[in-house]
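Shared between the two complexes below is chain A, which pairs with chain B and chain C, respectively.
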Partner chain A sequence: MNIELIFQIAGIGILTSIFHIILKQAGKEEYSFIATLAGVAIALIMVVQLLADLFQQVKGVFFL
Partner chain B sequence: MDIFQVVGIGLTGALLAVYVKESNREIAVLISLATGLVLFIYALSQVGEVINVLAELSSRANINRYYLMIILKIMGVAYIAEFGSQICKDAGESSTATKIEFAAKVIVMVLALPIIMALMESVLRLLP
Partner chain C sequence: MFKLIGAFLIMGGCGYIGLTMAHLYKKRTELFRYLQNGLTLLETEINYTATPLPLALERVGKKLNQDCQPLFLRAATVLKEKKAISAGEAWALGVAALGDKIPLKQEEQELLAVFGHGLGGSAKEEQIKNITLTRKQLALIEETAKEEQVRNQKMWRYLGLSFGAVIVLILI
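Our next item is the complex of A and B:
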(Lines of atoms letter the chains of each structure in order from A and count residues from 1; the text may use other names and numbers.)
(Lines give C-alpha, C1' and ligand atoms only; values in the text may rest on other atoms or scores of the structure.)
Protein backbone atom coordinates (compact mmCIF):
# COMPACT_ATOMS: atom_id res chain seq x y z
CA MET A 1 0.00 0.00 0.00
CA ASN A 2 1.76 3.13 -1.17
CA ILE A 3 0.14 6.08 0.55
CA GLU A 4 2.93 8.39 -0.70
CA LEU A 5 1.12 8.67 -4.02
CA ILE A 6 -1.99 10.15 -2.35
CA PHE A 7 0.14 12.71 -0.52
CA GLN A 8 1.98 13.53 -3.76
CA ILE A 9 -1.27 14.17 -5.61
CA ALA A 10 -2.63 16.29 -2.76
CA GLY A 11 0.62 18.26 -2.79
CA ILE A 12 0.30 18.84 -6.52
CA GLY A 13 -3.27 20.02 -5.97
CA ILE A 14 -2.33 22.49 -3.22
CA LEU A 15 0.66 23.79 -5.23
CA THR A 16 -1.40 24.31 -8.37
CA SER A 17 -4.08 26.17 -6.43
CA ILE A 18 -1.35 28.44 -4.95
CA PHE A 19 0.10 29.02 -8.44
CA HIS A 20 -3.39 29.77 -9.67
CA ILE A 21 -3.93 32.44 -7.00
CA ILE A 22 -0.47 34.01 -7.47
CA LEU A 23 -0.73 34.18 -11.26
CA LYS A 24 -4.25 35.57 -11.01
CA GLN A 25 -3.02 38.31 -8.63
CA ALA A 26 -0.21 39.10 -11.09
CA GLY A 27 -2.78 39.50 -13.85
CA LYS A 28 -1.72 36.47 -15.93
CA GLU A 29 -5.05 34.69 -16.23
CA GLU A 30 -4.02 32.49 -19.18
CA TYR A 31 -0.86 31.21 -17.44
CA SER A 32 -2.86 30.37 -14.32
CA PHE A 33 -5.15 28.19 -16.40
CA ILE A 34 -2.18 26.44 -18.02
CA ALA A 35 -0.56 25.83 -14.60
CA THR A 36 -3.75 24.19 -13.31
CA LEU A 37 -3.97 22.08 -16.46
CA ALA A 38 -0.35 20.95 -16.06
CA GLY A 39 -0.97 19.95 -12.44
CA VAL A 40 -4.03 17.94 -13.40
CA ALA A 41 -2.10 16.24 -16.23
CA ILE A 42 0.80 15.25 -13.96
CA ALA A 43 -1.58 13.87 -11.32
CA LEU A 44 -3.55 12.05 -14.03
CA ILE A 45 -0.39 10.34 -15.33
CA MET A 46 0.39 9.08 -11.82
CA VAL A 47 -3.16 7.84 -11.27
CA VAL A 48 -3.33 6.14 -14.67
CA GLN A 49 -0.19 4.14 -13.88
CA LEU A 50 -1.82 2.94 -10.65
CA LEU A 51 -5.00 2.14 -12.59
CA ALA A 52 -3.05 0.02 -15.07
CA ASP A 53 -1.49 -1.78 -12.09
CA LEU A 54 -4.97 -2.53 -10.70
CA PHE A 55 -6.23 -3.80 -14.06
CA GLN A 56 -3.22 -6.09 -14.46
CA GLN A 57 -3.80 -7.49 -10.98
CA VAL A 58 -7.51 -8.03 -11.61
CA LYS A 59 -6.65 -9.80 -14.87
CA GLY A 60 -4.26 -12.07 -13.01
CA VAL A 61 -6.61 -12.88 -10.13
CA PHE A 62 -9.87 -13.39 -12.04
CA PHE A 63 -8.42 -15.00 -15.23
CA LEU A 64 -10.01 -12.29 -17.39
CA MET B 1 -4.05 -5.26 12.07
CA ASP B 2 -4.48 -4.29 8.46
CA ILE B 3 -7.94 -2.83 8.96
CA PHE B 4 -6.45 0.12 10.86
CA GLN B 5 -4.17 0.82 7.90
CA VAL B 6 -7.10 0.62 5.48
CA VAL B 7 -9.28 2.97 7.53
CA GLY B 8 -6.33 5.34 8.02
CA ILE B 9 -5.62 5.49 4.29
CA GLY B 10 -9.30 6.02 3.55
CA LEU B 11 -9.68 8.81 6.09
CA THR B 12 -6.45 10.50 4.94
CA GLY B 13 -7.56 10.39 1.32
CA ALA B 14 -11.03 11.71 2.14
CA LEU B 15 -9.60 14.55 4.25
CA LEU B 16 -7.11 15.58 1.54
CA ALA B 17 -9.83 15.42 -1.12
CA VAL B 18 -12.15 17.63 0.93
CA TYR B 19 -9.32 20.08 1.59
CA VAL B 20 -8.32 20.36 -2.08
CA LYS B 21 -11.89 20.32 -3.41
CA GLU B 22 -12.70 23.97 -2.77
CA SER B 23 -9.71 25.24 -4.76
CA ASN B 24 -9.23 22.52 -7.37
CA ARG B 25 -12.06 20.14 -8.12
CA GLU B 26 -10.33 17.90 -10.72
CA ILE B 27 -7.45 17.12 -8.38
CA ALA B 28 -9.94 16.22 -5.64
CA VAL B 29 -11.47 13.60 -7.95
CA LEU B 30 -7.99 12.28 -8.75
CA ILE B 31 -7.15 12.04 -5.02
CA SER B 32 -10.28 10.04 -4.30
CA LEU B 33 -9.51 7.87 -7.35
CA ALA B 34 -5.97 7.20 -6.12
CA THR B 35 -7.22 6.39 -2.60
CA GLY B 36 -9.75 3.98 -4.04
CA LEU B 37 -7.09 2.36 -6.22
CA VAL B 38 -4.72 1.82 -3.30
CA LEU B 39 -7.50 0.26 -1.21
CA PHE B 40 -8.75 -1.89 -4.12
CA ILE B 41 -5.27 -3.22 -4.87
CA TYR B 42 -4.91 -4.14 -1.20
CA ALA B 43 -8.30 -5.90 -1.14
CA LEU B 44 -7.48 -7.74 -4.35
CA SER B 45 -4.35 -9.27 -2.84
CA GLN B 46 -6.59 -10.83 -0.17
CA VAL B 47 -9.18 -12.00 -2.71
CA GLY B 48 -6.47 -13.96 -4.53
CA GLU B 49 -6.03 -16.33 -1.58
CA VAL B 50 -9.79 -16.91 -1.33
CA ILE B 51 -9.90 -17.77 -5.03
CA ASN B 52 -7.07 -20.27 -4.65
CA VAL B 53 -9.07 -22.04 -1.91
CA LEU B 54 -12.19 -21.97 -4.10
CA ALA B 55 -10.34 -23.52 -7.03
CA GLU B 56 -9.00 -26.28 -4.79
CA LEU B 57 -12.49 -26.98 -3.37
CA SER B 58 -14.01 -27.16 -6.83
CA SER B 59 -11.34 -29.52 -8.08
CA ARG B 60 -11.99 -31.73 -5.04
CA ALA B 61 -15.77 -31.68 -5.73
CA ASN B 62 -15.18 -32.59 -9.40
CA ILE B 63 -16.85 -29.42 -10.66
CA ASN B 64 -15.94 -28.54 -14.23
CA ARG B 65 -13.14 -25.98 -14.15
CA TYR B 66 -14.73 -24.15 -17.07
CA TYR B 67 -17.73 -23.05 -14.97
CA LEU B 68 -15.53 -21.84 -12.11
CA MET B 69 -13.58 -19.73 -14.60
CA ILE B 70 -16.82 -18.17 -15.83
CA ILE B 71 -17.90 -17.30 -12.29
CA LEU B 72 -14.50 -15.78 -11.54
CA LYS B 73 -14.65 -13.73 -14.73
CA ILE B 74 -18.09 -12.43 -13.75
CA MET B 75 -16.72 -11.48 -10.34
CA GLY B 76 -13.85 -9.60 -11.96
CA VAL B 77 -16.19 -7.71 -14.30
CA ALA B 78 -18.45 -6.76 -11.39
CA TYR B 79 -15.45 -5.62 -9.32
CA ILE B 80 -14.05 -3.34 -12.04
CA ALA B 81 -17.46 -1.97 -13.05
CA GLU B 82 -18.39 -1.18 -9.46
CA PHE B 83 -15.12 0.68 -9.00
CA GLY B 84 -15.53 2.72 -12.19
CA SER B 85 -19.16 3.58 -11.55
CA GLN B 86 -18.42 4.69 -7.98
CA ILE B 87 -15.65 6.99 -9.21
CA CYS B 88 -17.97 8.48 -11.84
CA LYS B 89 -20.66 9.01 -9.21
CA ASP B 90 -18.16 10.74 -6.92
CA ALA B 91 -17.17 13.06 -9.75
CA GLY B 92 -20.83 14.02 -10.21
CA GLU B 93 -21.29 12.09 -13.48
CA SER B 94 -24.05 9.74 -12.41
CA SER B 95 -25.29 9.25 -15.99
CA THR B 96 -21.89 7.84 -17.01
CA ALA B 97 -21.96 5.66 -13.90
CA THR B 98 -25.34 4.25 -14.93
CA LYS B 99 -24.01 3.47 -18.40
CA ILE B 100 -20.97 1.68 -16.97
CA GLU B 101 -23.28 -0.44 -14.81
CA PHE B 102 -25.50 -1.21 -17.80
CA ALA B 103 -22.51 -2.30 -19.91
CA ALA B 104 -21.27 -4.45 -17.04
CA LYS B 105 -24.67 -6.16 -16.76
CA VAL B 106 -24.66 -6.92 -20.49
CA ILE B 107 -21.10 -8.30 -20.31
CA VAL B 108 -22.03 -10.47 -17.32
CA MET B 109 -25.04 -11.84 -19.19
CA VAL B 110 -22.90 -12.66 -22.23
CA LEU B 111 -20.39 -14.42 -19.97
CA ALA B 112 -23.17 -16.36 -18.24
CA LEU B 113 -24.78 -17.61 -21.48
CA PRO B 114 -22.90 -20.97 -21.51
CA ILE B 115 -24.10 -21.71 -17.96
CA ILE B 116 -27.69 -20.84 -18.89
CA MET B 117 -27.47 -23.08 -21.95
CA ALA B 118 -26.11 -25.98 -19.89
CA LEU B 119 -28.93 -25.53 -17.37
CA MET B 120 -31.51 -25.53 -20.18
CA GLU B 121 -30.05 -28.68 -21.66
CA SER B 122 -30.13 -30.54 -18.36
CA VAL B 123 -33.72 -29.42 -17.73
CA LEU B 124 -34.71 -30.63 -21.22
CA ARG B 125 -33.00 -33.96 -20.57
CA LEU B 126 -35.00 -34.38 -17.33
CA LEU B 127 -38.31 -33.71 -19.10
CA PRO B 128 -39.85 -36.75 -20.78
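Our next item is the complex of A and C:
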Protein backbone atom coordinates (compact mmCIF):
# COMPACT_ATOMS: atom_id res chain seq x y z
CA MET A 1 0.00 0.00 0.00
CA ASN A 2 1.67 3.18 -1.13
CA ILE A 3 0.92 6.54 0.40
CA GLU A 4 1.34 8.31 -2.95
CA LEU A 5 -2.07 7.17 -4.13
CA ILE A 6 -3.78 8.83 -1.19
CA PHE A 7 -2.12 12.14 -1.95
CA GLN A 8 -2.98 11.74 -5.62
CA ILE A 9 -6.64 11.21 -4.87
CA ALA A 10 -6.62 14.10 -2.42
CA GLY A 11 -5.14 16.32 -5.14
CA ILE A 12 -7.77 15.25 -7.64
CA GLY A 13 -10.45 15.99 -5.06
CA ILE A 14 -9.11 19.50 -4.46
CA LEU A 15 -8.80 20.24 -8.17
CA THR A 16 -12.28 18.86 -8.85
CA SER A 17 -13.72 21.21 -6.25
CA ILE A 18 -11.80 24.07 -7.89
CA PHE A 19 -13.25 23.10 -11.28
CA HIS A 20 -16.71 23.00 -9.75
CA ILE A 21 -16.39 26.47 -8.20
CA ILE A 22 -14.91 28.09 -11.30
CA LEU A 23 -17.46 26.63 -13.68
CA LYS A 24 -20.32 27.52 -11.36
CA GLN A 25 -19.10 31.10 -11.10
CA ALA A 26 -18.96 31.30 -14.89
CA GLY A 27 -22.61 30.24 -15.00
CA LYS A 28 -22.03 26.82 -16.52
CA GLU A 29 -23.74 24.62 -13.95
CA GLU A 30 -24.14 21.64 -16.25
CA TYR A 31 -20.42 21.54 -17.03
CA SER A 32 -19.54 21.87 -13.34
CA PHE A 33 -21.68 18.81 -12.66
CA ILE A 34 -19.95 16.87 -15.44
CA ALA A 35 -16.51 17.93 -14.14
CA THR A 36 -17.36 16.71 -10.64
CA LEU A 37 -18.63 13.43 -12.05
CA ALA A 38 -15.43 13.01 -14.07
CA GLY A 39 -13.34 13.66 -10.94
CA VAL A 40 -15.25 10.98 -9.02
CA ALA A 41 -14.88 8.55 -11.92
CA ILE A 42 -11.13 9.10 -12.17
CA ALA A 43 -10.69 8.59 -8.42
CA LEU A 44 -12.83 5.44 -8.61
CA ILE A 45 -10.74 4.02 -11.46
CA MET A 46 -7.63 4.52 -9.35
CA VAL A 47 -9.17 2.83 -6.33
CA VAL A 48 -11.12 0.01 -7.91
CA GLN A 49 -8.14 -2.38 -8.13
CA LEU A 50 -7.35 -1.87 -4.46
CA LEU A 51 -11.00 -2.42 -3.56
CA ALA A 52 -10.91 -5.72 -5.42
CA ASP A 53 -7.80 -6.72 -3.45
CA LEU A 54 -9.56 -5.81 -0.22
CA PHE A 55 -12.52 -8.02 -1.03
CA GLN A 56 -10.21 -10.88 -1.93
CA GLN A 57 -8.48 -10.54 1.41
CA VAL A 58 -11.74 -10.39 3.34
CA LYS A 59 -12.81 -13.52 1.49
CA GLY A 60 -9.47 -15.13 2.35
CA VAL A 61 -9.92 -14.36 6.03
CA PHE A 62 -13.18 -16.33 6.16
CA PHE A 63 -11.84 -19.18 3.99
CA LEU A 64 -14.44 -18.60 1.24
CA MET B 1 14.12 14.82 -12.72
CA PHE B 2 12.56 14.13 -16.12
CA LYS B 3 9.20 13.68 -14.42
CA LEU B 4 9.49 17.15 -12.93
CA ILE B 5 10.41 18.72 -16.26
CA GLY B 6 7.52 16.94 -17.98
CA ALA B 7 5.12 18.07 -15.26
CA PHE B 8 6.22 21.68 -15.72
CA LEU B 9 5.88 21.40 -19.48
CA ILE B 10 2.33 20.02 -19.25
CA MET B 11 1.32 22.65 -16.72
CA GLY B 12 2.88 25.37 -18.85
CA GLY B 13 1.22 24.14 -22.03
CA CYS B 14 -2.25 23.87 -20.52
CA GLY B 15 -1.85 27.23 -18.77
CA TYR B 16 -0.80 28.81 -22.05
CA ILE B 17 -3.83 27.41 -23.87
CA GLY B 18 -6.08 28.76 -21.11
CA LEU B 19 -4.45 32.19 -21.30
CA THR B 20 -4.82 32.27 -25.10
CA MET B 21 -8.50 31.43 -24.85
CA ALA B 22 -8.95 34.13 -22.21
CA HIS B 23 -7.11 36.61 -24.41
CA LEU B 24 -9.44 35.83 -27.31
CA TYR B 25 -12.40 37.21 -25.38
CA LYS B 26 -10.54 40.45 -24.74
CA LYS B 27 -9.64 40.65 -28.41
CA ARG B 28 -13.26 40.23 -29.45
CA THR B 29 -14.38 43.16 -27.29
CA GLU B 30 -11.59 45.29 -28.67
CA LEU B 31 -12.42 44.23 -32.22
CA PHE B 32 -15.99 45.49 -31.99
CA ARG B 33 -14.86 48.78 -30.48
CA TYR B 34 -12.34 49.29 -33.26
CA LEU B 35 -14.86 48.28 -35.90
CA GLN B 36 -17.15 51.06 -34.69
CA ASN B 37 -14.20 53.43 -34.96
CA GLY B 38 -13.50 52.15 -38.44
CA LEU B 39 -17.07 52.69 -39.54
CA THR B 40 -16.95 56.27 -38.25
CA LEU B 41 -13.80 56.84 -40.25
CA LEU B 42 -15.42 55.27 -43.31
CA GLU B 43 -18.42 57.54 -42.84
CA THR B 44 -16.13 60.57 -42.86
CA GLU B 45 -14.38 59.33 -45.98
CA ILE B 46 -17.69 58.83 -47.78
CA ASN B 47 -19.45 61.92 -46.50
CA TYR B 48 -16.84 64.66 -46.61
CA THR B 49 -14.08 63.66 -48.97
CA ALA B 50 -16.05 61.35 -51.30
CA THR B 51 -13.04 59.03 -51.65
CA PRO B 52 -13.39 56.03 -54.01
CA LEU B 53 -14.26 52.94 -51.96
CA PRO B 54 -11.02 50.91 -52.41
CA LEU B 55 -8.91 53.86 -51.37
CA ALA B 56 -11.24 54.75 -48.49
CA LEU B 57 -11.17 51.15 -47.20
CA GLU B 58 -7.39 51.08 -47.41
CA ARG B 59 -7.02 54.37 -45.57
CA VAL B 60 -9.38 53.27 -42.83
CA GLY B 61 -7.66 49.89 -42.55
CA LYS B 62 -4.27 51.47 -42.08
CA LYS B 63 -5.54 53.64 -39.25
CA LEU B 64 -7.01 50.73 -37.28
CA ASN B 65 -5.29 48.22 -35.03
CA GLN B 66 -3.87 44.96 -36.32
CA ASP B 67 -6.82 42.77 -35.44
CA CYS B 68 -9.41 44.42 -37.63
CA GLN B 69 -7.03 45.47 -40.37
CA PRO B 70 -7.61 42.30 -42.47
CA LEU B 71 -11.29 43.18 -42.92
CA PHE B 72 -10.66 46.55 -44.55
CA LEU B 73 -7.35 45.83 -46.26
CA ARG B 74 -8.49 42.54 -47.78
CA ALA B 75 -11.66 44.16 -49.13
CA ALA B 76 -9.57 47.03 -50.52
CA THR B 77 -7.04 44.79 -52.29
CA VAL B 78 -9.77 42.57 -53.73
CA LEU B 79 -11.64 45.60 -55.01
CA LYS B 80 -8.48 46.96 -56.59
CA GLU B 81 -7.32 43.75 -58.20
CA LYS B 82 -10.57 42.26 -59.50
CA LYS B 83 -12.58 44.54 -61.71
CA ALA B 84 -15.70 42.41 -61.97
CA ILE B 85 -16.45 42.16 -58.27
CA SER B 86 -19.01 44.18 -56.34
CA ALA B 87 -18.20 46.02 -53.13
CA GLY B 88 -20.47 43.67 -51.20
CA GLU B 89 -18.59 40.57 -52.40
CA ALA B 90 -15.23 42.14 -51.63
CA TRP B 91 -16.48 43.06 -48.16
CA ALA B 92 -17.68 39.46 -47.65
CA LEU B 93 -14.16 38.25 -48.45
CA GLY B 94 -12.85 40.75 -45.91
CA VAL B 95 -15.25 39.38 -43.31
CA ALA B 96 -13.99 35.86 -44.05
CA ALA B 97 -10.39 37.06 -43.60
CA LEU B 98 -11.37 38.61 -40.28
CA GLY B 99 -13.10 35.40 -39.22
CA ASP B 100 -9.85 33.50 -39.77
CA LYS B 101 -8.10 35.70 -37.24
CA ILE B 102 -10.75 36.14 -34.58
CA PRO B 103 -13.68 33.74 -34.11
CA LEU B 104 -16.96 35.45 -35.01
CA LYS B 105 -20.43 34.21 -34.21
CA GLN B 106 -22.96 33.55 -36.94
CA GLU B 107 -25.01 36.64 -36.14
CA GLU B 108 -21.96 38.88 -36.13
CA GLN B 109 -20.83 37.56 -39.48
CA GLU B 110 -24.31 38.13 -40.86
CA LEU B 111 -24.45 41.67 -39.52
CA LEU B 112 -21.18 42.49 -41.25
CA ALA B 113 -22.28 40.74 -44.46
CA VAL B 114 -25.57 42.67 -44.54
CA PHE B 115 -23.62 45.87 -44.06
CA GLY B 116 -21.50 44.91 -47.05
CA HIS B 117 -24.55 44.60 -49.32
CA GLY B 118 -25.37 48.27 -48.82
CA LEU B 119 -21.80 49.34 -49.35
CA GLY B 120 -20.79 51.23 -52.47
CA GLY B 121 -24.00 50.50 -54.34
CA SER B 122 -26.37 53.23 -53.27
CA ALA B 123 -26.56 56.97 -52.73
CA LYS B 124 -24.44 58.72 -50.14
CA GLU B 125 -27.28 59.26 -47.68
CA GLU B 126 -28.29 55.61 -47.82
CA GLN B 127 -24.75 54.50 -47.09
CA ILE B 128 -24.45 56.89 -44.15
CA LYS B 129 -27.70 55.49 -42.75
CA ASN B 130 -26.41 51.97 -43.26
CA ILE B 131 -23.19 52.81 -41.44
CA THR B 132 -25.02 54.44 -38.52
CA LEU B 133 -27.33 51.47 -38.14
CA THR B 134 -24.48 48.97 -38.24
CA ARG B 135 -22.55 51.01 -35.71
CA LYS B 136 -25.47 50.92 -33.29
CA GLN B 137 -25.75 47.17 -33.67
CA LEU B 138 -22.00 46.79 -33.21
CA ALA B 139 -22.28 48.76 -29.97
CA LEU B 140 -24.88 46.28 -28.75
CA ILE B 141 -22.67 43.35 -29.75
CA GLU B 142 -19.75 44.97 -27.95
CA GLU B 143 -21.81 45.10 -24.75
CA THR B 144 -22.58 41.39 -25.06
CA ALA B 145 -18.94 40.59 -25.82
CA LYS B 146 -17.88 42.57 -22.75
CA GLU B 147 -20.24 40.60 -20.55
CA GLU B 148 -18.92 37.36 -21.99
CA GLN B 149 -15.38 38.56 -21.39
CA VAL B 150 -16.05 39.30 -17.72
CA ARG B 151 -17.66 35.90 -17.23
CA ASN B 152 -15.35 33.68 -19.25
CA GLN B 153 -11.91 35.28 -19.09
CA LYS B 154 -11.27 34.34 -15.48
CA MET B 155 -12.75 30.88 -16.00
CA TRP B 156 -10.43 30.02 -18.90
CA ARG B 157 -7.38 31.32 -17.07
CA TYR B 158 -7.95 29.12 -14.03
CA LEU B 159 -9.34 26.22 -16.01
CA GLY B 160 -6.19 25.88 -18.14
CA LEU B 161 -3.90 25.73 -15.12
CA SER B 162 -6.10 23.36 -13.12
CA PHE B 163 -6.57 21.08 -16.09
CA GLY B 164 -2.80 20.88 -16.45
CA ALA B 165 -2.52 20.09 -12.75
CA VAL B 166 -5.09 17.28 -13.08
CA ILE B 167 -3.22 15.71 -16.00
CA VAL B 168 0.05 15.90 -14.06
CA LEU B 169 -1.59 14.35 -11.00
CA ILE B 170 -3.04 11.46 -13.00
CA LEU B 171 0.20 10.75 -14.84
CA ILE B 172 2.58 11.06 -11.90
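Following the convention adopted for this analysis, the second predicted complex is superposed on the first by the 59 of 64 C-alpha atoms of A that agree within 3 Å, B and C clash if a C-alpha of one lies under 4 Å from a C-alpha of the other, contacts with A are read in each partner's own complex, and residues count from 1 in each chain.
Please note the rule applied: contacts are C-beta pairs under 8 Å (C-beta built on N, C-alpha and C of every residue); 3 or more make two chains touch, one makes a residue touch a chain.
Keep in mind it's a predicted model, so treat the numbers as computed, not measured.
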| item | value |
| --- | --- |
| Residue contacts on chain A - larger count, chain B or chain C | B |
| Which superposed partner A:Ile6 touches (first chain B, second chain C, both, neither) | first |
| Contacts of A:Gln25 with chain B and chain C, given as first, second, both or neither | second |
| Touching both chain B and chain C, residues of chain A | 12 |
| Chain C contact footprint on chain A (complex, rising order) | 8, 11-12, 15, 18-19, 22-23, 25-28, 42 |
| Of all residues in chain A, those that touch chain B in their complex | 1-3, 5-7, 9-10, 12-14, 16-17, 20, 36, 39-40, 43-44, 46-47, 50-51, 53-55, 57-64 |
| Partner chain A, residues of chain B touching it in the complex | 5, 9, 12-13, 16-17, 19-20, 23-24, 26-28, 30-31, 33-35, 37-38, 40-42, 44-45, 47-48, 51, 69, 72-73, 75-77, 79-80, 83 |
| Contact footprint of chain A on chain C as seen in their complex | 151-152, 154-155, 158-159, 162, 165-166, 169-170, 172 |
